[in-house]
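Letters A, B, C and D mark the chains in the order given here, with residues in each chain numbered from 1 onward.
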Amino acid sequence: MIKKLRMGMIGGGEGSLIGPVHRMAARLDGMTVLVCGAFSSDPAISAATGAAEGLDSSRTYDTWQDMVVHEASLPEDIRPHFMSIVTPNHLHYAPAKMALEAGFHVVCDKPLCMSVAEALDLQETVERTGRLFCLTHNYTGYPMVKRAREMVMGGEIGAVRKIAVEYFQGWLSSLVETTGNRQAEWRSDPRKAGIAGAMADIGTHAFNLAEYISGVEVTELSADLGSVVPGRLLDDDGSVLLHFENGARGTLLASQVAIGEENNLSLRIYGEKGSITWRQMEPNSLTVLWPDRPVQVYRTGTAFAATGVAAHMHTRIPAGHPEGFIEAFANLYRNFSLHIIALSEGNERDPLADYPGIRDGVRGMKFLEAVVASSRDNSSKRAV
Amino acid sequence: MIKKLRMGMIGGGEGSLIGPVHRMAARLDGMTVLVCGAFSSDPAISAATGAAEGLDSSRTYDTWQDMVVHEASLPEDIRPHFMSIVTPNHLHYAPAKMALEAGFHVVCDKPLCMSVAEALDLQETVERTGRLFCLTHNYTGYPMVKRAREMVMGGEIGAVRKIAVEYFQGWLSSLVETTGNRQAEWRSDPRKAGIAGAMADIGTHAFNLAEYISGVEVTELSADLGSVVPGRLLDDDGSVLLHFENGARGTLLASQVAIGEENNLSLRIYGEKGSITWRQMEPNSLTVLWPDRPVQVYRTGTAFAATGVAAHMHTRIPAGHPEGFIEAFANLYRNFSLHIIALSEGNERDPLADYPGIRDGVRGMKFLEAVVASSRDNSSKRAV
Amino acid sequence: MIKKLRMGMIGGGEGSLIGPVHRMAARLDGMTVLVCGAFSSDPAISAATGAAEGLDSSRTYDTWQDMVVHEASLPEDIRPHFMSIVTPNHLHYAPAKMALEAGFHVVCDKPLCMSVAEALDLQETVERTGRLFCLTHNYTGYPMVKRAREMVMGGEIGAVRKIAVEYFQGWLSSLVETTGNRQAEWRSDPRKAGIAGAMADIGTHAFNLAEYISGVEVTELSADLGSVVPGRLLDDDGSVLLHFENGARGTLLASQVAIGEENNLSLRIYGEKGSITWRQMEPNSLTVLWPDRPVQVYRTGTAFAATGVAAHMHTRIPAGHPEGFIEAFANLYRNFSLHIIALSEGNERDPLADYPGIRDGVRGMKFLEAVVASSRDNSSKRAV
Amino acid sequence: MIKKLRMGMIGGGEGSLIGPVHRMAARLDGMTVLVCGAFSSDPAISAATGAAEGLDSSRTYDTWQDMVVHEASLPEDIRPHFMSIVTPNHLHYAPAKMALEAGFHVVCDKPLCMSVAEALDLQETVERTGRLFCLTHNYTGYPMVKRAREMVMGGEIGAVRKIAVEYFQGWLSSLVETTGNRQAEWRSDPRKAGIAGAMADIGTHAFNLAEYISGVEVTELSADLGSVVPGRLLDDDGSVLLHFENGARGTLLASQVAIGEENNLSLRIYGEKGSITWRQMEPNSLTVLWPDRPVQVYRTGTAFAATGVAAHMHTRIPAGHPEGFIEAFANLYRNFSLHIIALSEGNERDPLADYPGIRDGVRGMKFLEAVVASSRDNSSKRAV
């Protein structure tokens, strides 16, 4: 039986924002141990990060290629179970593909890659190798998101009619990419970020969340992207009209120039019978509106009878002890780890212990290409 | 000097929703007295309403035409100063025009009328007769809306970059127009409501609020209207991508099938320096976000130093004693009454004691025609 | 049948805070008309206020004694149905008693008077004369307060175990009574305010609300009063431990030096089965907590099935159109007016159309005397 | 240089609530590794917990006495740096004392022990041994609590006048201690919990938070404790009137029968110039009220210029990515770890990287004894 899962990391060196988050998330439940890393394209940074993490220097690498090759050659009880890829977008595809081919399961940051073509190729690779793949659309890990999905899937709010999702940040309200902000630099550089800026960085989160909770897919959209800050090379603001496969309509708003906004992701789904609202910045509440009953607020950690099994599976502490971003992120790592264990033991995984995967990555890339095309074409409708 | 303004009313008989609201709003400050009415196309209802309001039966009329003709013939110290028109949309244009021509000032419910052509004709009539015209886009009457406008106009948040306005209700989530709901009947009947449903009924409020607070006008839009409830003849849900004259972008979302929503009008404006958020259901707060300072919340009725002159002029009671919908509505009646008095005395009105007028009505009709056209044309861009 | 109730007013002249509130509240529903007034101890102010209100100068008086005597002598179809007393505390007892003896019904601001002895004498006068008496503990007029009481009385939350009521304001955080603030002057003057300051001015509101909603009476208390601002003659801050007749415990906190607080009255009642929370500054929500169900939020104006009859009777407009302080205050005037009409027609009043009366006034004075005594006696327990 | 701190644990076996929290908190930042444990008085449970944590069986003990003795005999590079005590209250004193005497630093859950006498003895032991002691009043670890303290200490709100702290839970609303709820069993058993129930379990948290943020100490109190649920042996509800050393007044309310409440700890401090409000259930906001400026809301993770150094030191991720209970708890472990490292290197610790210690434990026990005495004595005043 697997005691602790061994993890390698690609990217996430000093100065990284998301690397430490992945490491805290992986560490929280004590199921995972970091064993090796190629933390940076700068070998010195990679070595320093490995040392700070307490790694043996023999398992800190100058390049991810070296790491994948060498670690794959280690004995089974030493080599990592999975690689976690936390690099900028342009460095997702190649490492992910190589790691999969080398027999590693893969955790990868979002968006999946740079194009639909790359995405489909990765999907084929995952299917062919039989390796597991987790795309860190981490917002799906919140207990109340699980509850929301359970309610919608269970028909509690009736057929979905309307979805309003938005993700507003303000940190790109000025041209910070020219002032040494490394997070902004690569996100606003088409060579590293891809065809879209805000829409790729946060719009895909919103898109994924909407499809995940609602269970219906976008089929058509009209988009309007803007580069609001003069000199910016990619979109920093965008709005999209959505049509879903079941006839529902919706809107997706994403901005990184919504000045003063922190990380304001919210989702509302209106059904025939009721509606739900969830806001990431107060993640432990899920508000449900009904036409003829009082407003209901579901709360993380409250009585099982109230909150249901899916939320409870993803909750660590009693109600009123706020669980936050890291805990939600850790739920992806935990579910992914449980899946690896189940696979290694020949068991089925618990379907409620789900996590976003390669298919979500393909959807996201299709969404991005349609958004960019529609916006260039006078916001006219475009299939997804 | 005018002591109390005399008001006549067209529409607003028993069963009316908005008629009693206009009467409460007119009565609140004690500046206005109802003296005559043609409250319904049903003479019995008109008479009963007049009696309930304590009117002399000689001044309760079977038709609004009779009332305008007869009241205009009364001595100056008896006849109304203004007529208040609170009928369904198709009965705005003709009574308004006749009342203006007969020398009355006019208060009229929104949307202004049935077409841009009618709107322009009414605008010409207002200008030609020199009568005053108030269109009851009542949400502009809230103290914190005044504060918001003052801040944006004063440059406090910098150049406007992005506007997100939405207005969600849920009361049309089923086909209530077939179940005896009179409010739903006319609003969903193209002969009485006009070319649009939800977009006319509440979308125009949202549109007006956005232009009022931001001070910039929409020049171009892409729209997606839906008739979500089977059997409904007009749109009950719509989303619009907006471009503004100064280059700003925005979105306007309006729905009456957002099940469980009460009267959820909200507006966010993002500038270069800061942003504001106002929500009608908690109208006494105005939230301001800054990139490098704590969140600020302005509150109705707090110290003048904090809240400024425009809000104070529209506040009746100390902070923490909530002012609501009727008080905001009454601010339109009060400002309109003050304008009539100023005009009668040859004075200028206080520019801060403003109210929406004929120009807002024309804008609203242009917006509606553009929205309907864009939606029919695959959501492609359309000029406003 | 009575068409409109005629009202006389004692106090409420220029510079008054509460006078205009009473007049707006009385006017809102169009059931009441102001016919006479003795608005100030300064005849010039009284005359000016009467003129501004459009009263005939013959019915504006220099003293309330003159008014009561003269108006009582007028024909029945001219003289007021009731007198509204909106003076400082020391001028409640005598005018109320004289008005009752002269045959008028009485509306009186709170607290009732200056002592338990006065209160009991007024109670005897009310009972003897058969006149109606309304004490404007106006917070009981909110729809969600009616809903709260209905729920508690109906046993929905089970036996009451714990009540936490508080009323925090900040406007007396400095010695404003020496800077020309007329509201502060009399409230901090023992000759005009009585034995208590904040506890009389707002503590009695909190006390009344707790007993009204819970339906149980305080039997014992321990209090700690402070005069926080140097130079202040009465308490501006106080906290009270409460025991109720049914064994429940509670706390009542009242302060006018809670700097920055606007008018923060809130109440929580914990029962055996569930609990309720109501906050005056967001008065249209009533939050209900359960041990094993989602949080519920009742909302003013929502479906009758959700919100119940008592709230609906006190609601004027649809859900999401906020009703505020003036509307709640107006509910007292409306219920009082309906009672006068019912009495005049020999009918019973609707028990749900209730309003606070003389008995509430006696309770408030007993509370105040017990609080002051306990605080002087080292916070030891004292019967109420 | 210390790489990772080694931790032993006393208590926290299967079925423990707080044990896993301590372990997650210790693990989050990767500074600590669990090396040994005596997790339960039941050896089988202790062994199973150790195995689940991946400990070598040689370092899982049947009794804490065995562990302290044996681990103290291990070489310096193997034996733990500190012991973490997460047992019920009656098992704090003896293990803490023994661990200190054996040379270990100690983390201990709250309340410190069973009496002031025990507390003073532990204080003497800490001082004598020179070992570090952390009492897990974990709520002090939130970034916005750090900000609040920084503001009050820096004089931003002026001299403190009034403190209102409360801690409401509902989970003991019925006699769950007789239904197999292990958390309730020991907390309601005087032999294990001590002289107080709710007041010890959560009241001491509230007390500590009030003194920590305000910087002023309670000198006198009047209390009212109740055992609301029939059959309960200790208080489950209590309210306390407080006087502080600087003349400020306050109230402390604690209840575990506030049905429906989750973990509702909140604190308000009113100064001469402004006031602050913090609520644990929305821990990333700190609301500041001013008499003449808009409300301010400080937010975890926002610009350094806005939020200050103390909060930033205790924040892991950007604004709007909620940090929760575990992160706050982890801040205590991190600061304690940093102190151990500083001590080992002969450095001063950063005064902002503080954590609650032995002195807070003594204060808490004095508070408890005074509360129980006052409540027994008719709520009369009692010195602390």
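Keep in mind that, in the parts below, contacts are C-beta pairs under 8 Å (C-beta built on N, C-alpha and C of every residue); 3 or more make two chains touch, one makes a residue touch a chain.
Everything quoted here is computed from the prediction, not taken from an experiment.
K.L.:
Which chains are shared contacts of chain B and chain C?
P.N.:
Under the touch definition, chain B and chain C have A, D as mutual neighbours.
K.L.:
If you tally contacting C-beta pairs, which pair wins, A-D or B-D?
P.N.:
A-D
K.L.:
Which chain's centre, taken as the mean of its Cα atoms, is farthest from the centre of chain B?
P.N.:
D
K.L.:
Rounded to a whole Å, what is the gap between the Cα centroids of chain B and chain D?
P.N.:
Measuring from centre to centre gives 55 Å for this pair.
K.L.:
So, what's the distance in Å between the C-alpha centres of chain D and chain C?
P.N.:
Going by mean C-alpha positions, chain C sits 43 Å from chain D.
K.L.:
Please compute the C-alpha centroid of chain A, do the same for chain D, then give the distance between them in whole Å.
P.N.:
Taking the average C-alpha coordinate of chain A and of chain D, the gap between them is 34 Å.
K.L.:
At least two other chains touched by the same residue of chain C: list those residues.
P.N.:
261, 288, 290-291, 295, 299, 302
K.L.:
Could you list, by residue number, the parts of chain C that touch chain B in their complex?
P.N.:
3-4, 17, 20-21, 23-24, 27-30, 53-54, 169, 171, 261-264, 280-284, 299, 301-302, 316-327
K.L.:
Can you check the complex and tell me which residues of chain B touch chain D?
P.N.:
For chain B paired with chain D, touching residues are 288, 290-299, 302-303, 305-307.
K.L.:
Show me the residue ranges of chain B that touch chain A in the complex, using the header's touch definition.
P.N.:
Listed in rising order, the residues are 157, 161-162, 164, 166, 170, 173, 222, 224, 226, 228, 237, 239, 241, 243, 249-251, 253, 255, 257-261, 268, 270-275, 288-291, 295, 378-381.
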